[in-house]
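For reference, chains read A, B, C and D in written order, and residue numbers begin at 1 within each chain.
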Amino acid sequence: MPGEPVTATLLISCPDQKGLVAAVSDFLYKNDGNIIHADQHTDQEENVFVQRVEWQLDGFRVPREEIAPAFEPLAERFGMRWSLRFSDYTPRVAVFVSKLSHCLYDLLARWRMEEFRADVRLVISNHADNAEVAERFGVPYRHFDMTTATKETAEAEMRGLLDSEHVDFIVLARYMQVLSPQFVERYPHRIVNIHHSFLPAFAGARPYHQAHERGVKLIGATAHYVTADLDQGPIIAQEVAQVSHRDSVEDLVRKGRDLEKTVLARAVDLHLRNRVVVYGNKTVVFD
Amino acid sequence: MPGEPVTATLLISCPDQKGLVAAVSDFLYKNDGNIIHADQHTDQEENVFVQRVEWQLDGFRVPREEIAPAFEPLAERFGMRWSLRFSDYTPRVAVFVSKLSHCLYDLLARWRMEEFRADVRLVISNHADNAEVAERFGVPYRHFDMTTATKETAEAEMRGLLDSEHVDFIVLARYMQVLSPQFVERYPHRIVNIHHSFLPAFAGARPYHQAHERGVKLIGATAHYVTADLDQGPIIAQEVAQVSHRDSVEDLVRKGRDLEKTVLARAVDLHLRNRVVVYGNKTVVFD
Amino acid sequence: MPGEPVTATLLISCPDQKGLVAAVSDFLYKNDGNIIHADQHTDQEENVFVQRVEWQLDGFRVPREEIAPAFEPLAERFGMRWSLRFSDYTPRVAVFVSKLSHCLYDLLARWRMEEFRADVRLVISNHADNAEVAERFGVPYRHFDMTTATKETAEAEMRGLLDSEHVDFIVLARYMQVLSPQFVERYPHRIVNIHHSFLPAFAGARPYHQAHERGVKLIGATAHYVTADLDQGPIIAQEVAQVSHRDSVEDLVRKGRDLEKTVLARAVDLHLRNRVVVYGNKTVVFD
Amino acid sequence: MPGEPVTATLLISCPDQKGLVAAVSDFLYKNDGNIIHADQHTDQEENVFVQRVEWQLDGFRVPREEIAPAFEPLAERFGMRWSLRFSDYTPRVAVFVSKLSHCLYDLLARWRMEEFRADVRLVISNHADNAEVAERFGVPYRHFDMTTATKETAEAEMRGLLDSEHVDFIVLARYMQVLSPQFVERYPHRIVNIHHSFLPAFAGARPYHQAHERGVKLIGATAHYVTADLDQGPIIAQEVAQVSHRDSVEDLVRKGRDLEKTVLARAVDLHLRNRVVVYGNKTVVFD
């Protein structure tokens, strides 16, 4: 990533109308924008238009701080929800974890290898178990004791911590505690969770036990944005693996770990590279 | 298949006990059985032992009609549920279908190419639409008008027809009518259905609409034995395909057709080659 | 497909330049084109721009026969290779086949179910075996005896036949005879072949034997456009399936058939829906 | 793994003969062996029989140190190549690595999470880059400078190091240096390598560049035992991922990393759980 030219990315959604693509490409063209990636999607049933366009800042006639104001009139004309991202901004990330370590290890290793453009500020947990893992990677670890009695206070403290660290993006890496709606709504489409099943199959607790009980021939994992409705948020990525009668619940758990790591990392990567747009309860993934 | 040596296959399930494998392999060895395939599975949670063993009849000291009586004492000793199959027997099959043709075409083509060892006796439908397809392949087609009023009579007539054709095995190839429990229990683990989703996700009606609504990134198909509980029978095979926001409901239906054909054919093939043993509500697939 | 609004589709490739997307979308916008699908790709290493754009004819200000001339100046300005397709045109197809029937059955069934918008004019074979299959589906079957001595004459006769039937598109459905370069160059990117391996692994003859010999854990199939270099043409679609030590060569062949059918049908479908653009020896597949 | 009952595992291969299964199961049965897992495979073309059988030591009448001598006569009678493993033995492992870190991170994390029963004694590299990774996980790191001039000496020193650490098993985790035949033959079927392609496609150097050049629609990774023939050893595991024209070489490398990690880890896991038997140039994987 260092050495790569800096780009700007527009993520747009709005009611579908004629002239949208022409208007956006005109805006870039007349300002000498060199488009690196452009993709759009029209949901004809919902009449929604979604676009992602990325161009090099170098040579673009509008200075970076004036791009948003310059785009605003066009956005208003079409009734767009939009956001503008710059590729040299490094999102500030918190990872939430409980007792299991595999997703945490994987995320921290990817971050240290610079697979992710991210600044992992801290790891938050409702258990002490993963302190050593965070320490291996030189990340602060904060353990909050979570009981029905302490949850509200703990969440308030967490929010303070996240604020003071200016965290943009939260990754629930097998965090087995439900976040309150108040917490969730502070981070709209900025919390990603990994659920250890092929949603909507086996929502809720102990999905591998459910899968084993039902005798399925594939198990899955689902990464999704967290919303107030448990396991119901917009899906970003899903994957499955073959299993058979030979696999005990423990084998499903073992095979599932690899799915969970891979699918969560893919979702985090897509989010960090500004590849995901949410509309309604669905995602458009421009990969 | 013609020219291949004739084999006998034992399918066994019983409570797990020491000496099971030794007893069965001894029975075959002392009678000079040449084993072609042997596989077993122990479900340690349920304490169930399941075995499939196939050997050549040629050179086996027990004549084929005496194998069952000769095995009976051993089976009783261990409390086995078992069945004995001969590879030169050709199962007699009925295909049930509604308006959609893709699974029907696929099954009849495989049968005509001799991919399946089966004798397709007839196609039964609650619609007239597929008569032409059956005719292309030279199979009798029987259309039963199915309304709440006529269902009972129609099913009775169907049963008569299946009896007179000595049908062993029924394939529901996108048959969109629920069979009565009375009908189902006459064919225990001898009716295979294809459900157009990755069960247990999207059970019931219009699974592709449900999948599109939920914004999943994979769609699936599930072949299972039919039991009295709709979409709840033992699963034989499942497969998935990637989809994205670009896929409309029509695209899901289109991509799903290929899954349905392939998964149903795989289940039919496994059943016909005596590769499936059911215990509880699960299958062991010896592939 | 009947009842669907008629669309026009432009398939474009040219050297990458600023203003391309703006120019094309402007052309459509100022003529009131209602875009149904637009997608583009920039190969930054090769500096090639590839675009597919599809819009409704209804309401478009340029009459269909004047679209090409109206677009020509723009195409010339950017040095485009381009083609224009209308969705109500039905391509005329010939299927070439040898002894194996599974791809032929699958293609003809899909055609009869109207999964493909195509007019299958005839089946050509170097063997008599599949005459009955063609007959089941009511398609003329032409058998050409192919020996080193007769090949040139046979190909000449074939070309006459294809010309008289105005065939646009040829599908090699496990046709095990190499077409001469002279034949191939008459149908640039209009002959699709299915190779029964994951190319470039196991090019050439008997790939399943090669795969079994090597002990691979996956087998594959590859659909590609035919060029003068055997098994080297631009790849359209590939798929794999898991195999294990349990699979004999015959099992690989059996499992491979399903891959071959599915992958070939996908490639044919993509071609018929004008989703594939070739540049260099690669394809861009806008799916 | 701690708390699990200790088991013994026999891995057997020999010419196929009648009575093999009966003889082995008898040996276990008459000594009160409680079989946990038994599976066998007959390669009918090569006339080879391969078996894996695992039973609990607890209650087995033969003391562990006498099992091998007790089994020897039976093994001799059938001409078996065999080995006996105990589940409470922890193999001693060396990981070889070059500049890339992803497989190393993954293996060390799995080891620290006790996904593997292994004792990682050291990391050996021809570069200094990964010293920090090894340090994070508390593993000794040895860097050997490798040039044509130093290679022989370096390998000799490595061998000394491996001997002094009593290393059983070597994992090449993207080690980009060819080991000499002399080195390899000291560890028959005890060195696992990950090749970053779907072998035999794209053997040799820079497979992702080759894959991009060829325009394939899937990329793969292959884990295999190392033999004197580069990239030709017995394959243990393979996996693929979908790619498209949108993927640059860098994207292939990025997607490939996840395949490499997963496939290598699967092969290491299978080896450590004594699930792999090699015969000829193939593996039987009892999973």
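Methods note: a residue touches a chain if its C-beta (ideal position, glycine included) is under 8 Å from a C-beta of that chain, and two chains touch if they have at least 3 such contacts.
In this text the structure is predicted, and so the values were computed from the model without any measurement.
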Inset, instruction - Report same or different for the subunit B and subunit D interface, where same means the shared residue numbers exceed half of all residue numbers found there. - result: same
Inset, instruction - Sort the other chains by how far their Cα centres are from that of subunit D and give me the top one. - result: C
Legend entry - Copy-to-copy rotation for subunit A and subunit B - C-alpha atoms, rounded to a multiple of 5°: 180
Inset, instruction - Write down the chain pair with more C-beta contact pairs when A-C is set against C-D. - result: C-D
Inset, instruction - Could you please state the distance in Å, as a whole number, between where the Cα atoms of subunit C are centred and where those of subunit D are centred? - result: 42
Legend entry - Whole-Å gap between the CA centroids of subunit A and subunit C: 37
Legend entry - Numbers and ranges of subunit C residues touching at least 2 other chains: 44, 246
Legend entry - Topology of the chain contact graph, where touching chains are joined (line, ring, star, complete, other): complete
Legend entry - Residues of subunit B that touch subunit C when the two form their complex: 101-102, 105-106, 109-110, 112-113, 115, 136-137, 246, 254, 257-258, 262, 265-266, 287
Legend entry - Residue ranges of subunit C touching subunit D (in the complex, touch as defined): 41, 43-45, 50, 198-202, 214-218, 220, 234-240, 244-246, 248-249, 281-285
Legend entry - Residue ranges of subunit D touching subunit B (in the complex, touch as defined): 18-19, 21-22, 25-26, 28-29, 32-40, 42, 44, 242
